[in-house]
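You will see chain A twice below: alongside chain B first, and alongside chain C after that.
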Partner chain A sequence: MTVLGGVPRWVAALAALGALFVVLPLAAMITRVNWAEFLPLITSESSVAALLLSLRTSLAATALCVVFGVPMALVLARARFRGQKILRALVLLPLVLPPVVGGIALLYTFGRRGLIGQSLEVLGVTIAFSTTAVVLAQTFVALPFLVLSLEGALRTVGTRYEAVGATLGAGPTTVLRRITLPLVFPALLSGAVLSFARALGEFGATLTFAGSLQGTTRTLPLEIYLQRETSPDTAVALSLVLVVVAVIVVGFAHQAGSSGLRGGAIR
Partner chain B sequence: MTLSFEARVADRGFDLSFDVAPGETVAVLGPNGAGKSTLLNLVAGLVRPDAGRATLDGEVLFDTAAGAFAAPHIRGISMLAQDALLFPHLSVLENVAFGPRSAGVRASVARSAARDWLAEVDALDLAERRPAQLSGGQAQRIAVARALASEPRLLLLDEPMAALDVSVAPAIRRTLRRVLEDRAAIVVTHDILDAFTLADRVLVLDAGGIVDEGATREVLERPRIRFTAGLAGLNLLTGVRTAEGLLTDGVELRGAAVEAVAIGAPAAASVRPSAVQVSLLPPPDPAGNRLRGIVRDLEPRGDLVRVRAEGLSADVTPARAAELDLASGTPVWFAFPAAALSVYGG
Partner chain C sequence: MKTTTASAALFLALGLALAGCASNAETAEPAEPSATTDALEGTITVFAAASLKGTFTELADDFEAANPGTTVELNFAGSSDLVTQITEGAPADVFASADEKNMAKVTDAALAEGEPVDFATNVLEIAVPPGNPAGIESFADLAGSDAKVVVCAPAVPCGAATAAVETATGVDITPVSEESSVTDVLGKVVSGEADAGLVYVTDVIAAGDAVEGIEFDESDEAVNTYPVVALKDSAAPDVAQAFVDYIASEAGQKVLADAGFGTP
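What follows is the complex of A and B.
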């Protein structure tokens, strides 16, 4: 039985239309999958190379997001300093920035003649158009997802448990390790999963900053875009793989997020 | 353990100083916003003072002149709040073991200490539970054990019974009385029963300053200022000691001296509102204590109604209040027996 729970019928109708708008294109794509050739298509050398590269770089980017995003979220949620609001806005900028702009910005930072790249070049380190560049591009666009979800959770949990921990003799690092992080762990997990998903789907910044070299910088989205010209069947098959990964990831994040609300509730 | 404290927080209008002697429990009373929680947070190190100095056993907690400030976790001061605030992700046992483990004690040793503290508050059977599976009273009991397990030099209690059911508060109060017996503690409360049960001494706060202080019974049973009398639920009358009792506002009242005061010396006297009768006509016994007043307001309190006039209140039954048709502005007579009036030095 369907219960509208006080939602007007016309709102429900619009909601259904919106849901259809999201689901229909996916269904349309699935109708075009060449099932007979599906396995060979997704296991071809270039496909496997792209898939493995995507997984590797996305995991590395997620790790970087956790390493830097957790401290950033902590500072934004707990510390008080001048320019905090501006810093938060800047940190979240990649969320609204077109990824290709991000790619250009990264190029002018880490590229051969970039702000930092120039010095790195002297030391014999080249970042642009390498796998490292892919990871940096993905981290750049994915970082705000983790920072945003974790900062929100930190604010919801509040500082009362941390204050109790401190009066029980726990130093700041112990409080972080034994109280703060366990309390926001569900949000950290869902934030990391969202960052992973965003990294996996990264296209514009990667193409601009890292290029498209098979096995080195050509990730799955780039491979799909390339194959669309020459072998639409491969493009569709790989797209389906990406959709399945995304669905699993979103489902996982959703579960972690909802258990987070329970775990973080304060009586 | 000796605490010496002096601090000012400008934007809260907080400015006071006090000491806590070894083994002494001090109750801090006062209305909301008087600065009670600020006092605790300053002692715990959760709020920084604008100016002041505090030491615990000679160790500096803060000293603004010297620019010194000890972080909360190195003060050896633990705090028990109104809500138990047990860490939701840890079992009861791990919650209690948290303090010892933070002090660097091995996990197994910390757990065995935690069991001892749980036994101390009669909650050993709850050791394996999660905080979400506890009632409010049980959670507060565990919070007491957790605060004690960190072996604080000074224990701070912030209205520890305020969030509890009236049915479980007495058991927690009894537990606290036992564990606070020989410990230094500061208890913030708005319940004078807590002060009587737990504290050796009380500080009465209003608007960020101390307005009254002294031994608990001294302050609460023989209030010398209107404010404290209000907290203790007593009527306060001030005047001059006479042979029979007290001369106040040109009326001589007869009362029992609970403290030797020379005749003619300034004196105060208290009478419980429940001992005061209200009538519209002058009470028939002219020898009894009687005072005129004009009703200011009526406040229902459980099965009684508190009739308040300038300087005097009386508790009457709702039936009596209705019979007299009392309302704001009604002129009335208050009467009470000599035995109900305690006279002491003012």
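What follows is the complex of A and C.
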């Protein structure tokens, strides 16, 4: 039984068209999967190396996003200072920048001749062509996802409980640990999952900044891009793997997000 | 009831818009193929390998100037990308590939009109950042030293050429990165991230002062041949064929030679 719930039919029709636009290409891709060869294709040495590298770097990037993103969201949501709006816009910039632009920017920062890279080089630290470069690229593009979802949740939850906690004698760190973070934990979780998904899909910045070497910098999207050249079947098979991972991740984030809404309802 | 009318109107509008596209596409085709005059007329779309960007842009301009009434649209990408686009039905009239393997995919799919013509060759050259910080002097220097060397992945034409030279010379390069395109290799050298990269002679010339080129004799071990062919189902087959002929002509060959391409 379908209930339109007051949504005009033409709106529903447009919505259906929009959904079709998203789903149809994925379905079209599935029709091209070589099922007979599917397992050997996705378990080949290069495919496995790319998948493991992708998972490893994306987890590291997610950890960095949490470590730096949570404080950023707290500052943006709670503190008041000059230039706050500009800062927020800047922090969210990677969300709208083409990833290749991010890659170029990172190159001029952490590259061998970059702003910071030059000094690091002197200290014997080389980021270029290393797995670290991949993690940096992924963190750069994924960070805004965490900041954005957490900041929104912090504003929704409000400061009432925090104020009460403070009047009862809790210090700022105790309030953060015992009140604020538990309140926004679902949003933090969904933000982290989204960051992970974004990191997993990162392509442009990695290609521009980190290079492409099996086991070191060639993540799954880069492997797909390369395999297209010689083995479209492998590219399609690996694409499907990435789609499945993405569907699981988005589903999980959605779950966490909706429980977050319920959590927010205790106000 | 009101909503139904609205949605019907919307679908009608959508349908009209689509029909509009279709009829536009039809009128873009030559209206009177029966008018057999000597003057060439029509628009062709040329799909050309990324390494041909500079030369084909110039060749297209020259061709248009020599044949008023013709328009040459250019689409540059990696050869295998172009092949995928063509086999998936992209409207192309001419295909110029950076290697014979990708051209074979098009001829095998029976999409070519006639036989491909080899029109240029290209060999590898070492590109280093200005000043050659790692002091690379020969192909053998690319192995062994601590220099950061970037090459193309074996899956792409420039990488296949690199692998061929490595096999022929017994020099085993340990690259820090295997890029998906020669442009990416060049980018890593230009930015100074890499100490050396293996690219085509033409890339070094096109990059100007941004890189220094180091030729090496062993590059003869892997000569890339560029074929070009007119494609079937062209809206302007005579213009397409004329453009292919122009590339092989003396004037066309001069443009290519100036850019560093060899003659096949």
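One rule holds in what follows: the second predicted complex is superposed on the first by the 265 of 267 C-alpha atoms of A that agree within 3 Å, B and C clash if a C-alpha of one lies under 4 Å from a C-alpha of the other, contacts with A are read in each partner's own complex, and residues count from 1 in each chain.
Everything below uses one rule, namely that a residue touches a chain if its C-beta (ideal position, glycine included) is under 8 Å from a C-beta of that chain, and two chains touch if they have at least 3 such contacts.
Just so you know, these numbers come straight off a predicted model, no measurement behind them.
The partner that reaches more residues of chain A, of the two candidates chain B and chain C, is C. In the overlay built on the shared chain, the residue A:R228 is in contact with chain C alone; chain B does not reach it.
Of the two partner chains placed by the overlay, only chain B lies in contact with A:R178; chain C stays clear of it.
Applying the stated contact rule after C-alpha superposition, one finds that A:P25 touches neither chain B nor chain C. When both complexes are overlaid on chain A, the residue A:A13 reaches chain C alone and has no touch with chain B.
In the superposition on chain A, A:G165 contacts chain B only, with no contact to chain C. Overlap of the chain B and chain C interfaces on chain A comprises no residues. For chain A in complex with chain B, the residues that touch the partner chain are 160-161, 163-172, 174-175, 178-179, 182-183, 185, 263, 265, 267. Of all the residues in chain B, the ones that touch chain A in their complex are 44-46, 71-79, 81, 83, 85, 87-90, 98-99, 102-103, 146-147, 150, 152, 156.
Interface of chain C with chain A (complex): residues 3-4, 6-7, 10-11, 78, 80-81, 84, 148, 150, 153, 155-156, 175-180, 184, 187-188, 191-194. Chain A makes touch with chain C in their complex at residues 8-10, 13-14, 107, 111-113, 128-129, 207-208, 210-214, 217-218, 222, 225-230, 232.
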